[in-house]
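These are the structures, in structure tokens.
Two complexes, one shared chain (chain A), two partners (chain B, chain C).
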Partner chain A sequence: MVVARNSAYLIGLTPAALLLSLFFVGPALWAAYSSLTNLALVGIDAANPRFIGLDNYARLFSDPDFWQVIRNSVTFVVGSAVIGQFGLGLGLALLIDHAERRRWWFATVAYAAVLLAWVNPTLIAGFLWVAMYDFFFGSLNHVFLSALGLPPVDWLGSFPMPAVIVANVWRGTAFTMIIFLGALKTIPPDIYEAARIDGAGTWRRFWDHTIPSLRPIVALTLLSITMSTFGTFIVIQALTNGGPGIATEVIALYAFDSAFKSFSIGYGSAIAAVMLALNLVFAVVYLRWSRARA
Partner chain B sequence: MSAYSRRTFLKVAAATGIAVACSPAAQPSATPSSGAPSQAKGLTGTITVSYPDELGVKPKYVDQAAKTVQSNNSGATVKVDLQKISDDLYYPKLLLALQSGTDVPDVFHFGGDSIGELADAGYIEPLDNYVNAWADWKQYPDSIKKGATYKGKVWAIPYGMDTRWLYFRRDDLQKAGLAADWTPTKLDDVVAAATAVKSKVTNVLPYALYAGQAASDGARDHAFVPLVWAYGGDVVTSDGKWIGNSAAIRKALAYYQKVYGQGLSPKEILTTTKPWTAMRAKLGDGSLALLFEGGWVYGGWQSKDKSGTEKNVGYVLHPTETSGPSFTIGGLGTCWYITAKSKNKDLAWEFIKTWNNKDTVAKINIEDPHPVARSDSADVAEFKAQQYLVDSTKSLEKARFLPPDPNLSKITTAIQKATGRVANGDSSADDAAKQYSADLKQAIGADKVVEQ
Partner chain C sequence: MTPRAETTVARTVAAPRGASWLETIAVHAVFALVVVFFLAPFVWLFTAAFDGRAQAYIRLPEQPTVDIFVRIFTEHDFARALGNSVLVAGATMLLDVVAVSLAGYSLSRLDLRFKSWITYAVLLLQTMPLSATMVPIYGLAQALGLRNSYLGLILIHAAIELPFLIWLMKGFFDGVPRYLEEAAWLDGRSKLRALIEIVLPVARNGIGVVAGLSFLAAWSEVLMMIILIDKQDLKTVPLAFYEVLRTRGGYTEVQYGLIAAMGVLYAVPVMAIFFATRRMMVRGLIATSRGL
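Let's turn to the complex of A and B:
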């Protein structure tokens, strides 16, 4: 009876569900399985992979680099997604919304500038920052610092994590800004009007009206950017390759390097599975937080 | 919640997909067949020859060989798949094709140090039957034949051998008060020269010592392994076990500590993408004084400024700790392989055989300077006229080689980590040696690692 009533929906959803299973669920299950094997791309393990139970996980958890990698990942996610992209995206959205309401032409220019950073393919964005940071050829050293008469700075060697965070914030802020800008547009101007008549100042109006109106979108945005930042490594790969040492090696890059540099697919899959678990933890925290707030 | 959870699931599934992209659709055969070679003439069918090239020297020789094979065999087609990417990018791509069994080339071109890991994976075809029937095989010295042999079988055909030099800028060293014909007799002389350059010559980097993941194989072949040898040790035992922690390994890592700690080598090596590109360019233009690098690098400098390079770039063998005989690290260079999955191995061999003729081997190694793998190519007048090539070929008499270990990629990662840790100041040499040993045990199995 229920099926009959919902058959139109079910028929509509089936193709999408099949495609998602094929391209997402299937590979995820395959990765989970291969994390329990010693599958490799070279050597005898490539020809005859064996089931090795939880050995990859035992190896991972006893690997001292792994804990450093986790710390790096959390720093990178908090720095570039939670503080950087979220904070800056929100700030820019408020400024642009403010400017748009007053029809300042500069709003469009600012909007386009932030958007341009986003439309770049990630790898290109990475190389743009390489062109700025590079010690030997980079514009930061050879245009700006040299114009000021200052000696060159090894940006990527001396400040590796802040350097990759700045690049990733630049690249990804537009997403958060667009979401918040959309949300700000849904706030009716009458509310502000009424508040102003009641004598509420700028801060009061922001605190009492803007923030509560944006709250539902906050969890969704944080969830989205946290997960995409956890899974990204292209900017880091272009800038530092995870170095110096393992100072900027994040979990996604660690999985990639294990799978495609050491060619240990099983081990790389185990790292990816841990990444999945961590993402789930973040998701649960955010969702609980947003429910508690709702 | 349901909308979120679906999104969540898709995100995590996508994240996990990283390891999935390389999922094998089918396992390759571990026991390749070894059919007898057929007559060279009158071969038919189609083969694909795949090779990476960034330098631009190889394509004309590959195209020429393809053309020759086709004109000698009217029913044969040779498709050339030139990939204009670095070896580092080409290799994972090739491996994914080999493991999945789709788009597998018949012939490919890659470094000879991968023989062990490719053979054990069942990706490549043993060539014994072909080389035994090939008259020119006798032109290859036994040491080179031995290098191409793994588990008693020949797997690849080299043409240009790898050698390495400690390059130095005569002009920079002279400014630092050293002789233009500087000849280090011990390892400390290198540090002393670098220190002199650092204190007396402005705007010149003293020394580049490759370390860390960014340095790729350079951290292994151009730094760590020769340093361990220079300190009287080895990285692998005669029975194929890797040495995890030894006095020589600790000394080699302490050398890194000294060089990076005193600011003699730029730390940018640890973060720059392809740091060798910048370091080679800098030695070429005189803004770097000392660099242990591949013999092939000389050609790039020479083609840019022949007389300047011959005047200012000196090259010597790697010195040891105690003024023992200097040495270098050799390698099989880039080789031609036939894939186990090739459906037309005879035609594949015909291509390799045609390519590796006396003249091509001489000419390509003049353009992209390497010692020649064929003895008769060294007799070609044009080759003999180049002093640098004569010296390079001679250097192989002093060369030591790494065995074609099937775990080489994993071992290289452990070397990169150990050298990166010390160079970045994250670990002392002793701690890094301990961790190197632990990393090796984890990566290749404790039974394959010894400590001395």
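Let's turn to the complex of A and C:
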């Protein structure tokens, strides 16, 4: 009965389900399995991988580099997603919404500028900041700092992590801004009017009406940008490739290097499995949080 | 319900009182900083591309020229890269529109006790980073003969955006009233024909957003192209961009003009598509945040 009622819909889900099993679920399961083997990209272990239990994980967790990579990833995610993209995106949404109510056209220019950086392909974003940060001839040193009479700064050498964070904030802020601007537009203006007649000041209205109406989408937006930032690869590869040393080596770069440079697929899969597990934990926490608030 | 006329009145009344000069200056100063920060890299990109002696810093070209663009096509076989990218992104778009229309509609109309679990599962897949599964995807593509093939790139690119797009499209279909398709069934149409002839035209904005976003995503994706393509014939725009980028850090002079011009050709199509359809795109993105 249930099947008969839904049979057409179940068939409709099939093409998508096939693609998702092949390229999402399958690879995730395969990563979990091969992390328990010594599979390699080349050499004798490529043909005949052996089952080695949790050895890859033991090696991973006793590797001081790995813990540095985790610290880097957390710094990068907190700095560029939570503080940068979310903070700046929310702030800009509030400011632009306010300016639009005042009919200040400059708000539209700022909105378009932020959007442009986001629409632009990621690889270009990475390279544009390579040029901006260049020590001898980059715009930051050669144009902006020299105009202020300041000495040049070795951005990627002395401040690698802030530098990659700024580049990624530049690239990704628009998403949060768009979502929150959309939410702000759904607040009926009569709520503000009623509050004003009641004698509530600007800040009171902001805390009592604006913030609560944004709350339901906070968790979902944070989930979305945290996850995509956690997997960031291209921007950092273009800017520092993890360096200097391993100062900006985040988990995605570490997994890539282990698999495709050191050729140890098993070890790379263990890193991937850790990524997926962390991801799942994040997602569950955010979803529970959003349901608790809803 | 409030009649429409009254809300309009409320909005005009609710327009804030006049701004103080301090507020006017402060807000505009912040916007000016934002514009400088977000546009400065583009000012470099669009000036260097037309500058015969381009540098890493922003400067006005002494003698603006389009020579670099000509060289890209004559010396770097860029037409092939452009053709490959259009082919892959276009086919990805078609595949996604079909798969997402079917899946989004089915998920919207499915009547199961565990339906919310399926919806959660789709959301969960959406959060899975590609960099975590790239190693298995490489192995899988190798085993299935999908490396160095258009089909491989198209299938994988279509899959990457699928969870997000299904999520988005389900929202559009949820907003289409069911009596429309039920009337079509009574007329003797099959469920598929009712979807194509009655429901899809109503949800055409959603289809537009799905088509646009899937094209843009496939056009901009790089990681899969790096690990799946190493044949010259199959190189796409980002791979051509990497080729000229490799001049960086070697013993040769960095060809900033060349890199910038290629960047312009890579970025301008997606910017044009997005800004031409931005109202629809932005509305579509906002719709995904409406929750479960």
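Just so we're on the same page, the second predicted complex is superposed on the first by the 292 of 294 C-alpha atoms of A that agree within 3 Å, B and C clash if a C-alpha of one lies under 4 Å from a C-alpha of the other, contacts with A are read in each partner's own complex, and residues count from 1 in each chain.
To be clear about the criterion, a residue touches a chain if its C-beta (ideal position, glycine included) is under 8 Å from a C-beta of that chain, and two chains touch if they have at least 3 such contacts.
Predicted model, so just to flag it, every value in this text is computed and none were measured.
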Partner chain in contact with A:I83 - chain B first, chain C second, else both or neither: neither
Greater residue coverage of chain A in the superposed arrangement, chain B or chain C: C
First (chain B), second (chain C), both or neither touched by A:D63: first
Partner chain in contact with A:L156 - chain B first, chain C second, else both or neither: first
Which of chain B and chain C A:R102 touches, first, second, both or neither: second
A:S228 touches, of chain B and chain C: first, second, both or neither? both
Touching partner for A:F263 - first (chain B), second (chain C), both, neither: first
Chain B versus chain C as contact partner of A:A247, first or second or both or neither: first
Contacts of A:H142 with chain B and chain C, given as first, second, both or neither: second
Touching partner for A:A31 - first (chain B), second (chain C), both, neither: both
Residues of chain A that lie at the interface with chain B and also at the interface with chain C: 20, 24-25, 27-28, 30-31, 34, 130, 134, 136-137, 220, 223-224, 227-228, 230-231, 238, 252, 255-256, 259-260, 265, 268-269, 272, 275-276, 279-280, 283, 287
Complex contact set, residues of chain A against chain B: 20, 24-25, 27-28, 30-32, 34-35, 39-44, 46-49, 59, 62-65, 130, 134-137, 154, 156-157, 160, 220, 223-224, 227-228, 230-231, 238-247, 252, 255-257, 259-265, 268-269, 272-273, 275-276, 279-280, 283, 287, 291
Residue ranges of chain A touching chain C (in the complex, touch as defined): 2, 5-6, 8-13, 15-17, 19-20, 22-28, 30-31, 34, 92, 95, 98-99, 101-102, 104, 106-107, 109-110, 112-117, 119-125, 127-132, 134, 136-139, 141-143, 170, 175, 178-179, 182-183, 188-190, 192-193, 196, 216-217, 220-221, 223-224, 227-228, 230-234, 238, 251-252, 255-256, 259-260, 265, 268-269, 272, 275-276, 279-280, 282-283, 287, 290, 294
Complex interface listing, chain B residues touching chain A: 1, 4-5, 7-24, 27-28, 30, 92, 95-96, 99, 114, 116-118, 120-123, 212-214, 266-268, 270-273, 278, 282, 406-407, 409-410, 413, 417, 420-421, 423-424, 426, 435, 442-443
Residues of chain C that touch chain A when the two form their complex: 2, 7, 10-11, 13-16, 19, 24, 27-28, 30-32, 34-35, 37-42, 44-45, 48, 55-58, 98-100, 102-103, 105-107, 109-112, 120, 123-140, 155-156, 158-160, 162-163, 166, 191-192, 216, 219-220, 222-223, 227, 238, 241-242, 245, 248, 256, 259, 263, 266-267, 270-271, 274-275, 278, 282-283, 285-286, 289-291
